[in-house]
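These notes are about the structure you will find just below.
The first chain written gets the first letter, and so on, giving A, B, C and D; residue counts start at 1 in each chain.
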Amino acid sequence: MLAQNALPLLDFGNVPIPPQAWIVRWLWLIPALPIIASGIISLMKQPRRRLSAGLAIAALSSSLLLSLSAFVYVINTKSLLSHFGFDPMVREVFNRPWFHFGNSPVDLGWLLDPLSAIMAVMVCFVGLLIFIYSVGYMAHDENFTRFFCFMSLFAGAMLGVVVANSMLLLFMCWELVGLTSYLLIGFWYHKPSAAAAAKKAFITTRVGDVFFLLGIVWLFAQTGTLLFYNHGSGSLETFALQTLLSHHAALGLSAAGAIGLLIFAGAAGKSGQLPLHVWLPDAMEGPTPVSALIHAATMVAAGVYLIARVYPLMSAGMPLTASGEPAGTTTALVVVTWVGAATAVFAALIAVAQNDIKRILAYSTISQLGYMMAGLGLGGVAVGMFHLITHAFFKALLFLGAGSVIHGCHEEQDVRRMGGLKALMPATFITYAIGMLALCGFPIFFSGFWSKDAIIEAAHNSAFIKGPYYLLVFGALLTAFYMTRQVSYVFFGQGRGDGHAHESQRVMTAPLVILAFFAIVLGAIGTPAWPWFRAFLDGQAASFNIHTLFEAEFAKLLATSAVIVFLGLGLGWWLYGNKSPKAEEPDALEKAAPAIWAGLRDRLYVDELYGVTVIAFYYWWARVADWLDRRVWGGIVAAVAWIFKMFAQLNRLLDLHWVDGIFDKICEEFSTGGGIVSRVQNGRAQTYLRILAFAVIALAAILVWSARP
Amino acid sequence: MGITFYLIAAITLAGALAAMTLKHLVHAALAVTVAFAGLALFFLNLDAQFAGFAQILIYIGAVAILVVFAILLTRGSDLPKDGVFSHTWFVGFAIAAGIFAVLGWAVLASAKALPSESAVPAVTVHDIGVVLMGRYVLPLEIVALLLTAATIGAVIVALHEKERAR
Amino acid sequence: MASVSPLTAYLVVAALLFSIGLAGALVRRNAIMVLIGIELMLNAANLNFVAFWRYSPHPEALTGMMFAIFSIAVAAAEAAVGLGLVIAIYRHTQTTDLDKMNRMKG
Amino acid sequence: MVEKADQVFVLLQHWLISFLPAVLQPAAAVLLGVIAIVCVFPGLFALTTIFERKGLGRIQNRLGPNRVGPFGLFQPVADGIKALIKEDIVPTSANPAVHFLAPVILVVAVFMGFAVLPMGRNMVLVDMDAGLLFFFAMGASTELSVFMAGWSSRNKYSLLGAMRAVAQMISYEIILLLSSVAVVMTAGSLSLPKIVAAQNQYSYGLPHWYIFTPWGLAAFVMYAIAATAETNRSPFDLPEGESELVAGYHTEYSGFKFALFFLGEYLAMFSISGLGTTLFLGGWTAPLSVLAWIPSWIWFFGKVMISIFVFIWMRGTLPRLRQDQLMNFAWKFVLPFTLLDLLVTAFWRFMGEGWLRWVVSTAILAGAYVFMGRVGMYKEHFGSRTYRYAE
């Protein structure tokens, strides 16, 4: 595996790369450690709080260390490769055969390339901070150990998705993520709403997963392998893609495009894209660290990561210019782009009219995921992934901040009942404000600005799809607006809640500070002046060029987005800033346009739409099935049972008069005979001993008799 | 075939007979101790010092004590109400006599074929130790295991069951 | 009796001892006495072993002696377990009379 | 001259039997030895009783016997005369034969034990190959006599005392035997003169006694504990605890039979001290090579008397144990420790010369002692006693 990748290097004789990098072989430890930890924790008793939390954190820390060393290994190898003039794309795999499916072997394996390396680092790091935060947040929960068991399993499953080099392994981990999300969202299962939300999340994502599985099966049928990369014979490599392109599915799509769309359906389920987004806001019923983990670092990112991973499949058949620049696009990418852009605006609209602090963030997440999808569709892996990484940090920050606020306000979640927390919870306020500005895309200083700007720039520059640009810009305006609204409600104005708010403990604020730091500085790795991130993912060298910032075209865009952001911020502040309305008072927007407000507040009736269409249909279908079961099949079964009963009656009569009679007679004889013999067995040890001794005498007598001359 | 032999034989057989016929169980136990002691003397007479002392140590020092303990624990020191022998005692004696007849006949009939070396074997305890640790080391280990198992088993069997305590 | 060789004499004594033990084991009603009878039978066998060893052509092989020593050890174990059983039975049935212990009667 | 003094008794015996025809000489030699033992040890017994009573008196801050003879030295004589002329009472319900046989068997069995003890250079009655086994076989026989005494008296106190005594003696006899086995393993012989001979070496003027090795010291301590229990001496004198059982198994004995029990107990003490001396303290050998000119029998009897003094000292110092403590101590502490000591002895034997085996053996034994004593015995409440006084 690695050896083949590194062998040409060995020809130079003095290359410092070891012929086998242990990190590639031991990459599986990254997901395995948290999973093992969760297995051990599951055996612990409830009072072992410190031990279980410690174990979970230790396992994830070890995974983080491994991920970091993998990351460093990728950087080192890349610089070495480019130094010696090779293709600097680092992609090392380690495959093992698992079983044979017919004649085709099914392999499992793991993959180390820039994408998986940076994703693993991000998941481990954010996950670790959330774990530490959970120690404080869940301190009073009686099921503390169970929580850490699930969390650890969740993190392990997500890391499995990240390092998998096989569609099958990825799918297994993917389903594991689904299962643990169900467990975690329904963690407080005694709350009916939590149980319902867990079910909803599970079933909704399952709808997408069915399509995903179909795509996998189709892919396997076409290419005969489920590995992503396997030295030219993987399903994402040139040969397989050529095969896929040559097959035509319906509607003018190639097999590659159709499979890509099926996989995208799965990704849409996990990432909450437009038709399947309904589970995400309800998932807020879980504990806040769970929301942070699901919404920021792991589950929803899994969908985006999946699309990034199979990007070669999505973009297969894309016409290129002579210089390698894309000269067109593919159907799959167009669908991804439109769905993403629509989701971005749709969710942002709904977020405007929500009052639950976590629900606002949930819709914001959906919206941002739409951005990522659009970024993938328009600008490729680097654009989408950059937003994914920055978003992971600041969204985790916002969720943990929200958790801190909720914790401080004694489990109050309604923003209208908060207010004035600026002074009471200073650390939370400052970090939350940083997260909010990053999410809004406040120019220059925050990471969100650079990543979001890259997407908008890609949309603007795209020569093939024009519509999304305007949608995305409108989404950015809305984002700034609803975040301003939320922050104004929560931190400014007069306190409206009952009870006295307090700052959270150190173990909760420390992760906030760390995340805030990264929410600011992370933008530096992806600015147009120094596009290190893009270079890292694409396997090129990054160069620093400050002048790109001042090009006319770019400066115009920069100015546009800045104006939009300030417009949103200003609008929000004008409507809500320092107003401190009463909780029962109608919202400022509601006064202006009650009809639109009501629509937005009720989430544009998507749930209700599903209620009258899909769910009603299922009810009807279930009733038909029930009728079939009871009347048709039930009747047949009853008839068969009756026939057998008749047989049994006949049999019984035979048995009673013939078989039993003979048997009883024989038994009686046996019983009489046994009674005679049993007199010898009178239960007295001495009688037996006498029989024994008598037998000895008899034997001796026989011996003497037979030895007689 | 000195006077010693007949003396010891008389003591041993008298002890054994007394043990089997005496009414009182403790008396019987003491009588059987005499028989054991007689056997130990037999062993010494046969130049088997080690076996003789082991016989004294184990039979008189342990088994006899165990027997009297068992007698006292089962209230056997009271005289039995309905006879010492079981009501079909005649059959038992007849069979025992039959066995003796068979054994005696066998011994006397093969008397000519029996070895009769008279040299005193020069065997020291050291030799016994060497043989025990050499040729017979496996039986020794097995006996050790057996004794351990028997100790544990006896303790468990005789353990007082709390639920059934009257 | 002068014509009787020493070994034969020992064997006859052992046979007598064995028969006495057997008679005791067969006719005594008390379980402990039955055990004592069995011990006597074992001892008679031991006497045979030692006697055979003493008058055998190769006493340095120590076979009979070893047999007797092992037999003594085994007999000790047997006595311990047997008496433990008697005590356990006594606890259940309040008797050591073998004639009354016939619950296994068929 | 030194040689003569050392062998004075041997020479005396040879001189005496030289008057007899050669056929009778071996028998006469044995007879002389038996007479010597039968005379010396009861004499020692008489001496010890006055020694004990006076010693206990001093310990308890009183004078002890001081009326009969100078300093009360003739007290044992007076006691003996009293025992002889006292009425010999046998309870009517007692079993007369067994009641009579018990003390006799006891004294005989105890006397037998002296036959194999080497009391000086060349001063052993029978140099038996399996001497140690003989000693223990005789020791085991005393248990039965104790039971006979207790049972035949038809007295609850006697029976209880006898049962306690027998249980205690059986338990501690195992320990006695096993701690001796450690010595046997090292000396490679069951013959007591050979064991003494194995210890009769000196390096740097110091003797090679087995007590001066880690395992030997441990075995000796265990032996001393077991010997105290085996002879029913305080603090293990429960079978005769007068506050509970009047006088234990010899409650119903009076007159000369009681004197026999008394004698038997003291003789057992002498013989067990003598065996301990032989096994661990080098028997008749001198403690320093420069002191070897002192006759060997003086050393032997000196060591025995010192042991007797320690017995008396313990009796005057230590309170009596409870029955359950006694049994727990035997089975849960002393026996496992003795077994471990056997292992350590084997280890010592095969580790070869050098300082390492000293360190390792000491470490194992000390560690086991601390562990078993602190952890294992924690539940048995052997710790310091707590006293509660009335308010």
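Assume a contact is a pair of C-beta atoms (placed from the backbone, for glycine too) under 8 Å apart; a residue touches a chain by one contact, two chains touch by 3 or more.
Since we're looking at a predicted model, the values are computed, not measured.
Between subunit B and subunit C, the least number of touch steps comes to 1.
In terms of C-beta pairs in contact, B-D outnumbers the other of A-C and B-D.
With centres computed from CA atoms alone, A is the chain lying nearest the middle of all the protein shown. In this assembly, the C-alpha centroid of subunit A lies 82 Å from the C-alpha centroid of subunit D.
Centre-to-centre, using mean CA coordinates, subunit C is 34 Å away from subunit D.
Chain centres here are Cα averages; for subunit B and subunit D they lie 29 Å apart. In subunit C, 22, 26-27, 98-99 are the positions where the chain touches two or more neighbouring chains simultaneously. The residues of subunit B that reach two or more other chains are 50, 54, 62, 69, 86, 91-92, 95-96, 99, listed in rising order. Residue positions of subunit A touching 2 or more other chains, listed in rising order: 686, 690, 693. Taken as a graph of touching chains, this assembly has some other topology, since it is neither a line, a ring, a star nor fully connected. Across the interface of their complex, subunit B is touched by residues 1-2, 4-13, 15-24, 26-30, 32-33, 35-37, 39-40, 43, 46-47, 50-57, 59-60, 62, 65-66, 68-70, 72-81, 83-88, 90-92, 96-99 of subunit C. Taken in their complex, subunit A has these residues touching subunit C: 678-686, 689-690, 693. The touching residues of subunit C, when paired with subunit A in their complex, are 22, 25-27, 34, 98-99, 101-106. Looking at the complex, you find that subunit B touches subunit C at residues 1, 5, 9, 12-13, 16-17, 19-20, 25, 28-29, 32, 35-36, 39, 42-43, 46-48, 50-51, 54-55, 58-59, 62-63, 66-67, 69-71, 73-74, 76, 80, 83-87, 89, 91-93, 95-97, 99-100, 103-104, 107-108, 111, 114-118, 121-123, 127-128, 131-132, 136, 139-140, 143, 146-147, 149-151, 153-155, 157-158, 160-161, 164. Here subunit B touches subunit D in the complex through residues 26-27, 30, 33, 49-50, 53-54, 56-57, 60-62, 64-65, 68-69, 72, 77, 124-126, going by the rule given at the top.
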